[in-house]
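To keep things simple, chains are lettered A, B, C and D as they appear, and every chain counts its residues starting from 1.
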């Protein structure tokens, strides 16, 4: 049993909002590229903006639990890491680390794509709080509220990088 | 980038407490065997007892985040699934599904083994609540409080199987 | 030391959206009226709508902690109960009970009014999930994102009343 | 409707473990005495020890919700504040503030006493994590696992006082 990275991950180029400091955008993308577990899951960065990051991944057989649904741990991992990226957009030169997160499973996800939207609730000097929703969608369609399968709230510690 | 299952997973035989209904013990082991994501992470069932399940997994490079620490999502996945198994020990013929969970990262984990101990806080007819701690240990040693890296609390929905 | 109910609570009439079943609206208002702890805190129902309830309370000296800020427990109580009311709007004849909640303190609140907006994330047959935000506002003004002091996520068990 | 403080609160003297720095013990007791909301609920400090604080309060009619059970917000308030006191025992001269907490209701509480036991999961330089359990007991009896009605996990920010 192995986790194979969808090849799309390697070639995908995220949309970066012009209003975002390019150094921050580069940092966010570099962190995803340098995170083995995100690569193993096949997570792609889709959008990087001030206070908001969006990511996607393709559901593969090895992401499932015993009933064929996407494992809660897969969705939690996606939400947590996207939240971390989102918290990183608050300022240049910061590093963030998850202190804790809480995940509510709102509906089951089975196949297609998982799309995660993380948004900043609080960007603090020491502690940030991010809301991250995961949507289960057919590839290429837009996520709506009806497709939301997970709501996560992530608390992160913020420090200067160095 | 792939996730390779430690071969130990295939051959490991969990300790089952005699006080546990053998049908329940078999169900717990079957659920782990039938869960692709747990197999992909290399999770082994170590102990199955009434109201308590213990699991272990070997930290591999693909489980890490950008700083070389074990990804919070890996530890959350281990805690969530072990909690589900623990909730399943409450009665024969039940099926459980995570409603939500919360995970606090208490200390970083880097290598060696992750060992998870899940214990029942409430075994209800409709809702169960499980505490799951993850420990970072050197293989073969016993987990102590000082090795605890994660505290998770998991709420599960309980239903009759079938 | 006593908690005195602002007299406004007794005379306040909530706005009820026409699209809401009047029996549900009456139930929500009755539940607040029949809840001693909400009365002790001085909580007023402001808006009742399908999938959404808004409440308010006036900060009094006895709601504070040692630094003069509103106690986290006060805001959590307001969020939890408003979330329960919100979950109750999903269908007539249901009763809800909090299974668990999580509260993030985003900013301190000190005086004036607390205003709570609860919205439905999932309205299930057995389990509902509600997001409840608390805002710290000057009486009579409208709550904005900048005034948000608490984000709560509440999981509730749903049953038929009887 | 008012919240009346049980007179016991004024005269109760907590047990302080000898192994605890007296300056820390005094600080914990002073914080409770200086917290109007804890006084309004009638919370008494019972035990102060390194990494552990125990408190109690008498259930009064105004602490209840619409079904006559103790309101979840009351138990959450007790757990949160006791957790804060517990985090304060880690070192002299620190101040703590709740970042977030999560509360699971394990069983209903109706009358008698609420007894809270808070224990340290992690005492950090910047962030501490405390587990706080609330028990529903008949006055004068000892809390057992069967009496546990709430499990809370509280994350706190730690700073130097000044």
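Here, a residue touches a chain if its C-beta (ideal position, glycine included) is under 8 Å from a C-beta of that chain, and two chains touch if they have at least 3 such contacts.
Worth saying up front: this structure is predicted, and the values here are computed from it rather than measured.
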**OP:** Name the chain whose C-alpha centroid is farthest from the C-alpha centroid of subunit C.
**Re:** B
**OP:** Tell me which of A-B and A-C has more C-beta pairs in contact.
**Re:** A-B
Original post:
Where the centres are mean C-alpha positions, what is the separation of subunit A from subunit B, in Å?
Top reply: 23
Subject >> CA centroid of subunit A to CA centroid of subunit C, Å >> reply: 31
**OP:** Note the residues in subunit D that touch 2 or more other chains, in rising order.
**Re:** 99-100, 102, 104, 129, 153, 155
Original post:
How about subunit C: which of its residues touch subunit A in the complex?
Top reply: 102, 104, 106-107, 121-122, 129, 131, 148, 151, 153, 155
Subject >> List of subunit C residues in touch with subunit B within their complex >> reply: 99-100, 102, 126-127, 129, 153, 155, 157
**OP:** Flag every residue of subunit C that touches subunit D in the complex, lowest number first.
**Re:** 1-5, 31, 34-40, 61-66, 71-74, 76-78, 80-81, 97-105
